[in-house]
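Per-chain numbering from 1; labels A, B, C and D assigned in written order.
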């Protein structure tokens, strides 16, 4: 009787955008100096005290997706205020990006969001191409679209794995990983690597699709839907799972927009905003797909949105296979792309050219540009300033996880510890991208 | 005279009696038993950092199945963990935390440095990244790759198993004063904490 | 201890036919052998249970599970145990030293003691479940105190102390969370556990585990059918919660509170907790088999040629079945949240088992007095429905109040 | 440059966007004198409208943009232009060492706009956008951490990515990139 009927809509509708503007103690954000809070619990616990307790979650905690650290102000098991503390994986990639040429830049950015590396490469390549004012051949664009959607599937599978794990369904970790592994097998066959592919580069993609790619990807697409249906059986209809996620971590559209939140969190609130449809890039305007939206903006909606988006991606990849044109897989522009491998053996000029393009890079006209795409976590933007040289003057990645992280304190207010875990995983931050 | 694999040279046995046996077969060293069990029951600490952590998760997945080595029991509490797999780049901000986790682990403990970033800083030779985790904690096995595939990690684990079984590590720790009974020096003038041993 | 003293001690408890004719050296030896058998059996069973869980969970997720420690990884638990035994131990300086050392034993020993009152075999079809050893007749169980079921309840409550004190004495926050959760969870589910047990006692008319098993001698007399499933289901859920097994493993929820109560434990003390948890699984399965599934009673009648092994075979089979169910729970179900756990216990399980108990009692009284069974049954059903409706109304009123922000104080 | 390959072509508001319709018709008409929109100078960068308010009118401009349908700040970052003299700045906007670049987005119709503010080196201060868009909180903290640009009125002005006791601002051009000695200080707590 009580296990099945929890109100899931009451909390969501009551909230308003005002709470995200608060700046004093009434805010959900615990604005304290985290350096005063010891990592190890050296503080004496007074069992009779009823004052709020400061609890440190992370940076090495099983459910913080790497190295996120949360400082929680708690009353019993209830969270009053909280603050995500980040930077434990700060890699200085934006600084390193200034040292690498535009051609080498994708090697750098692909290590940011390690759950969906191809998107990072794509956004950097798009920015560089926009600065260069070039257009890549249609086949390259289709390949990019297809590979990114495959990557989206693998990223969402990783979410399913960790989300299931975090609410206690330990087998989901393995089921999710199994699906991801199948997707990675395709990515490895095409790009040569399981992760950090450096496949999408300014001017096209690194290599053409391998022989038999149609059969491989087609086989994957045939295999995935029944396995995704198994997720439905195991989780979506599972009463305990619904209990754990429904009505938890609710946030509404106004708050999302004020906080600059994008991606499945925004769509989970019922607001259909997807850059693939609304500001199409690559070949998304020629593809037929749906934008998935939720209705309550709670953890369950975000889970459902991601699961449905994986299905949409399968649809998109199918269309990509059908529509894949023949032609060049990269721009035949001597200025940007290296000569074909076969020519290097024949021609000294080609060898020199190959050498120069990889050591010196190519000059990019002066200017600045902001390009954004829809990554599995939201709007992934790249702001590049070129001073006319072969290295970016400034390379900044607008990481969706970094901005989405700001919703956490608001979602967590008045939640229990168990909800905190569900909320972290439903935001699905990738700390490599947050900290860069 | 033929040679029997388990016992040794039969001529010598005939001559010297039991003294001719290559080794005891009724008794054995308890050290062998302990090393055997340590190698087969390595519990890793849940310590994921970056890209490599995802591959570490994949190693635990169905395709690679780290459970074959009895290692699927990732321990969230460092007290119960035996091996720390440093999976990914270690930032300057993370370094003290990493050392603290290592200190919280109980002897005997081992460290696998997974990936080039953990081993040497990798491609990120800049202000933010510790250039090699061995500046902070003693590393036993380095797994190369960016990120190392699950096969590489499994190979590192098997290598560590062999090192544990061959007893090398315990000797090394004895030599450099490791092991139980050490004290941890505190930062900013706090008193050193004696580690309480119950046995 | 002299034999006369032992005799004097045991005579009030001499339900066991072994002690009927006074106590001699033979009887003492038989008891010691029984202790050893029970102890070794349980330890081996726990070792295999841990292996079974890891293998089965691996199987359910397309993996292989442990393979390198012994054949089929059978010695994996042994390796874990030896390794933990030889690992460095630590007592947190801020913790309570004595309690910290005591706590693991408080969880382990009750699990052993519960197993002592479980009948492991014997022929309940043809005689009263006793077996003959060297001309002495004895029960196939270590002890059969007249208060057997109460003893089980008491011991399972003792286990709470182990977990609670372990968390409290660690002097750290996450263990404290685990300890607070443990005490609340286990105390509340103890109530449901006890109430569902009363239904069994009502039907058996005895607190002795031997008598309860004897009363279920024929397959159709199992308490599972006689008490009408509901007490069994409540008992199953409550005992899962009592054991801190998924989906009720909030006490040691790794994703939330790191290791829960055993976060600060390492080495052999952690091994004891580990052992205690799985031992509890085995003993609780054995208790469930005893109470609801007829103990050693099997669907195929007793075969004298196989001897006492026949009953034991069925007993083991049923225990393994329950162990499978526990692993299955773990592999499929997400964890409940703290408040949902409390709701389930207090608002569903306790009223349900209470109502069912009343209905069973009314039916019994009706049968004794020769009332019309159909009328009484329909009356009971209607009564249960009314109670359920009232409870639902009360719960939803409380929920409305809570959502509206009105307190109860 | 063809149209489908690029995001910004579809959403460039310069030609016929509603921004031009509503408030700043001058932006659409090319002229020799500096163009303005929302009362500040405007340039075009690869088909993207860029506003160049000064520090005083910065918050007002963002507020005006918000009222005009730009619902979210997508990005806020700093740029260090040490030793870089030539830049695509409109007449009347003096080049300074630091820039704060804000990217905003409007959903109906979909369009983007960028705002660049020049911040002088001797007084790297600018007003915080928290009261207009609270989503800039993390981004402004990052900008302070990386460039040392202070945001007045920010609710939590502290380092976000670097350790709290870090010296310097790493993304400044005069901060060395190369490997620095490990600043490891030992374990902070007892076992």
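Methods note: a contact is a pair of C-beta atoms (placed from the backbone, for glycine too) under 8 Å apart; a residue touches a chain by one contact, two chains touch by 3 or more.
On a predicted model such as this, the values are computed, not experimentally measured, just so you know.
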item: Chain pair showing more contacts of the two, B-D and B-C; value: B-C
item: Where chain B and chain D are represented by their mean Cα positions, the distance between them in whole Å; value: 48
item: Length of the line joining the C-alpha centres of chain B and chain C, rounded to whole Å; value: 38
item: Length of the line joining the C-alpha centres of chain A and chain C, rounded to whole Å; value: 46
item: Between chain B and chain A, distance of the C-alpha-averaged centres to the nearest whole Å; value: 33
item: Chain A residues counted as touching two or more neighbouring chains; value: 39-40, 61-62, 87, 90, 92, 95-96, 174, 178, 435
item: Chain B residues counted as touching two or more neighbouring chains; value: 46, 62, 76, 92-93, 96, 100, 126-129, 193, 195
item: Multi-chain contact sites of chain C, meaning residues that touch two or more partners; value: 61-63, 90, 93, 254, 258
item: Arrangement of touching chains [line / ring / star / complete / other]; value: other
item: All chain pairs that touch each other; value: A-B, A-C, A-D, B-C, B-D
item: Interface residues, chain A side, partner chain B - complex; value: 39-40, 59-62, 66-67, 87-93, 95-96, 107-108, 111, 114-115, 158, 161, 173-174, 177-178, 180-181, 184, 194-196, 431-432, 435
item: Residues of chain A touching chain C in the complex; value: 1-3, 7, 10, 41, 44-45, 53, 55, 61-63, 77, 164-171, 174-175, 178, 234-235, 238, 240-241, 243-244, 416-421
item: Residues on chain B engaged by chain A in the complex (per definition of touch); value: 46-51, 53-55, 57-58, 60-63, 74, 76, 88-89, 91-94, 96-97, 100-101, 123-124, 126-129, 146-147, 149
item: Chain D residues touching chain A - in the complex, by the definition given at the top; value: 1-2, 4-8, 10-11, 45-46, 48, 71-75, 77, 79-81, 84, 86, 88, 101, 103, 105, 107, 110, 112, 114, 130-131, 133-139, 142, 146, 155-156, 158-165, 170-171, 175, 177, 188-190
item: Touch list for chain B against partner chain C, complex; value: 33-34, 36-38, 40-41, 46, 62, 65, 67-70, 72-73, 75-77, 79-80, 82, 106-108, 179-180, 193-199
